[in-house]
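Structure first, commentary second.
Chain nomenclature is as follows: A, B, C, D, E and F, assigned in order of appearance, with residue numbering initiated at 1 for each chain independently.
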Amino acid sequence: MYSVNVRDHFMIAHSFRGGEFGPAQNLHGATYVVDATFRRGELDAGGVVVDIGRASEELKAILTALNYRNLDDDPAFAGRNTTTEVLAREIFERLARAIRGGTLGDAARGITSLSVTLRESHVAWGSYEGQI
Amino acid sequence: MYSVNVRDHFMIAHSFRGGEFGPAQNLHGATYVVDATFRRGELDAGGVVVDIGRASEELKAILTALNYRNLDDDPAFAGRNTTTEVLAREIFERLARAIRGGTLGDAARGITSLSVTLRESHVAWGSYEGQI
Amino acid sequence: MYSVNVRDHFMIAHSFRGGEFGPAQNLHGATYVVDATFRRGELDAGGVVVDIGRASEELKAILTALNYRNLDDDPAFAGRNTTTEVLAREIFERLARAIRGGTLGDAARGITSLSVTLRESHVAWGSYEGQI
Amino acid sequence: MYSVNVRDHFMIAHSFRGGEFGPAQNLHGATYVVDATFRRGELDAGGVVVDIGRASEELKAILTALNYRNLDDDPAFAGRNTTTEVLAREIFERLARAIRGGTLGDAARGITSLSVTLRESHVAWGSYEGQI
Amino acid sequence: MYSVNVRDHFMIAHSFRGGEFGPAQNLHGATYVVDATFRRGELDAGGVVVDIGRASEELKAILTALNYRNLDDDPAFAGRNTTTEVLAREIFERLARAIRGGTLGDAARGITSLSVTLRESHVAWGSYEGQI
Amino acid sequence: MYSVNVRDHFMIAHSFRGGEFGPAQNLHGATYVVDATFRRGELDAGGVVVDIGRASEELKAILTALNYRNLDDDPAFAGRNTTTEVLAREIFERLARAIRGGTLGDAARGITSLSVTLRESHVAWGSYEGQI
């Protein structure tokens, strides 16, 4: 199995509902450093998992739509806590759509799985991994 | 599959038995930076894999019991080399017990697998991963 | 010149005033991973720059007062942009007061300079360094 | 499942064929920081996945054969782009041969899988993982 | 003294002249992860050392001019070894010109010193620091 | 001012005397990842601060003499706590002797200052910097 990873980041405000979140129920924020890892069993004709330039641009486009915002006001997350796990899943879905829709190129349709990891500090991260 | 990771560290002395360990047969020591990664297929009602506060506290409690000690004198490891791999397994077992016993909260019982990675330098690490 | 560094982090929401900040004028947020570096010419009697346990606790106390908050509502920053640079200076001043006031122990009064670095992502950081 | 990782690096020149590579069609180069991760279900009698000294030496020997070279001139890669993915696979195959051939010791024959990851910058990496 | 750092990277081929370079006399290559650190005594009116967006763009422009090239063919380095140290100095000079020329904005003329660090692997880096 | 850094590591056991060290008064241990940074105003004829191969070998030789040992038994540290700061100073002195004695080559005598940093975990480090 081959993998390729690209990294970028975004910075948001949000708050969590639920007593188990303690002070994180307050409006606060986070920098998320995002790793998107694309996987497939065989390489394309050029010898790559994915066109890394296109993959980086698509990841940046997805993160730009989230960057510098208060996620409490984003209808995409209405009624949900925007935990690291939930955000990882949402970015996974948006990247998966781009892969299936051909935005990353025809060859990228050979990608069979994807993982998205959000590092929120030097000691904590969350991720979502699934099939494409 | 969702994952969440917390990081902490501990510092111990030990020595290894067996000629293949060369100078590491001498009493020496190590800092282990520990990553505990919790995994499950679906999130709990709050949108998380595990209460990250409780997970961090439990990891710290487990590492505090090992920290600042000479593991050659610890009965838990009698007759065994406390290699990075063996220590990763031991910390895995202690965390797994905490999950199964409810110390990390009832929702944490939804965790299906766990990996424990010990980074011993900038060039080497070992880990153990298993089902819960 | 000897140095010792301790690291911790905090997570806040804020917004910036001034067209040069572009989309960062929106309410957003950041994780800041903070390095506090203490310096002095000679070590104390125990062979250290500072009691690293006390230094870590004081840094944590200072960051806890900022953590999980919207800095736009914090009177300490009224009328100022809470840029990485401004936050580094503010944390420097709070740590400097702790050093001068003896909170880090009598021996810590031998510290002659301090730098505070805030890492806001994998590609950007800011810091403030000054005399004590 | 237990894992052990060793890290080393090599520095090469190369160029890529195919319009999708854009300016990377020019002769350029890269530093690859290589992580080789060995995995097995049970530890050997000494309590390790692999003799980490032998594993490090073998990885170094394999990388030395590639280091400080222009891969465009290396017959091992004739007619292929030496992408990160292709290089990860090649290093995987050379390490797999060493494991199967006994170079890493008899006990190392218990290794069941191996992954090789090449970090080419602070934002991109590629890897290959397979059975032994 | 305040500092702000931005990070980017470039990938080149080159070779060195001089027996002391051993196998690095061969055509090979490197990824350089570049940190540009801007310093000044007082912040500008907006509370920053430099407009971090402009600084990032200027660094990227300077690195793009070097990226994906064989530096042995670059007239800017004719007759010189393009060691990490020499490249750090060259990037310093190009950034210093941009600061003095106003490319980073009028406020950036308050910058008093600059350091440029090139990380060439996980174990080695070089840098140049000077006054503006 | 130019700088070049090389990195290596060593692993030791030790204990500290003094109630302020708390549980670190027990025999325990540490991995120290060591950065040695060499500085000078002008480069040598080949365009480098120091022959990085020789510098790496000398650092390794110095660390090998400390590696896999119990520093409580090392006469070099009799009557002193082997804190991170004290170890940084000792390694500084040994490297400084090598520079002055010509072990790093004649050109290395142009080095004017040196810093030695010991990273003991992901959150703490100590260093010593001085003139050569």
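The criterion applied here is as follows: a contact is a pair of C-beta atoms (placed from the backbone, for glycine too) under 8 Å apart; a residue touches a chain by one contact, two chains touch by 3 or more.
What you see is a predicted model, and the numbers here were worked out from it, not measured in a lab.
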- Query: Computing the C-alpha centre of each chain, which chain sits at the greatest distance from chain B?
  - Reply: E
- C-E against D-E, pair bridged by the larger set of C-beta contacts: D-E
- Message: Test of understanding: which option in A-C, D-E or C-F shares over half of the contact pairs of E-F, residue numbers taken as the match?
- Response: C-F
- Query: How would you label the chain A and chain B contact, same or different, if same means the shared numbers make up over half of all numbers there?
  - Reply: different
- One copy, chain A, sits on the other, chain D, after a C-alpha rotation whose size in degrees, in steps of 5, is 120
- Query: Relative to chain D, which chain has the most distant C-alpha mean position?
  - Reply: C
- Between chain B and chain F, tell me the centre distance in angstrom, where each centre is the average of that chain's C-alpha atoms. 30
- Calculate how many whole Å lie between the centre of chain A and the centre of chain F, each centre taken as the average of the chain's C-alpha atoms. 41
- Message: By the touch rule stated above, which residues of chain D touch at least two different other chains?
- Response: 7, 122-123
- Query: Inside the complex, what are the residues of chain C that reach chain F?
  - Reply: 1-8, 43, 46-49, 51-53, 56, 105
- Message: Under the stated contact criterion, what part of chain A meets chain B in this complex?
- Response: 16, 18, 20-22, 80-86, 88-89, 117, 122-130
- Note on the structure: In their shared complex, chain F is touched by residues of chain B numbered 7, 9, 11-14, 23-24, 26-33, 67-70, 120-123
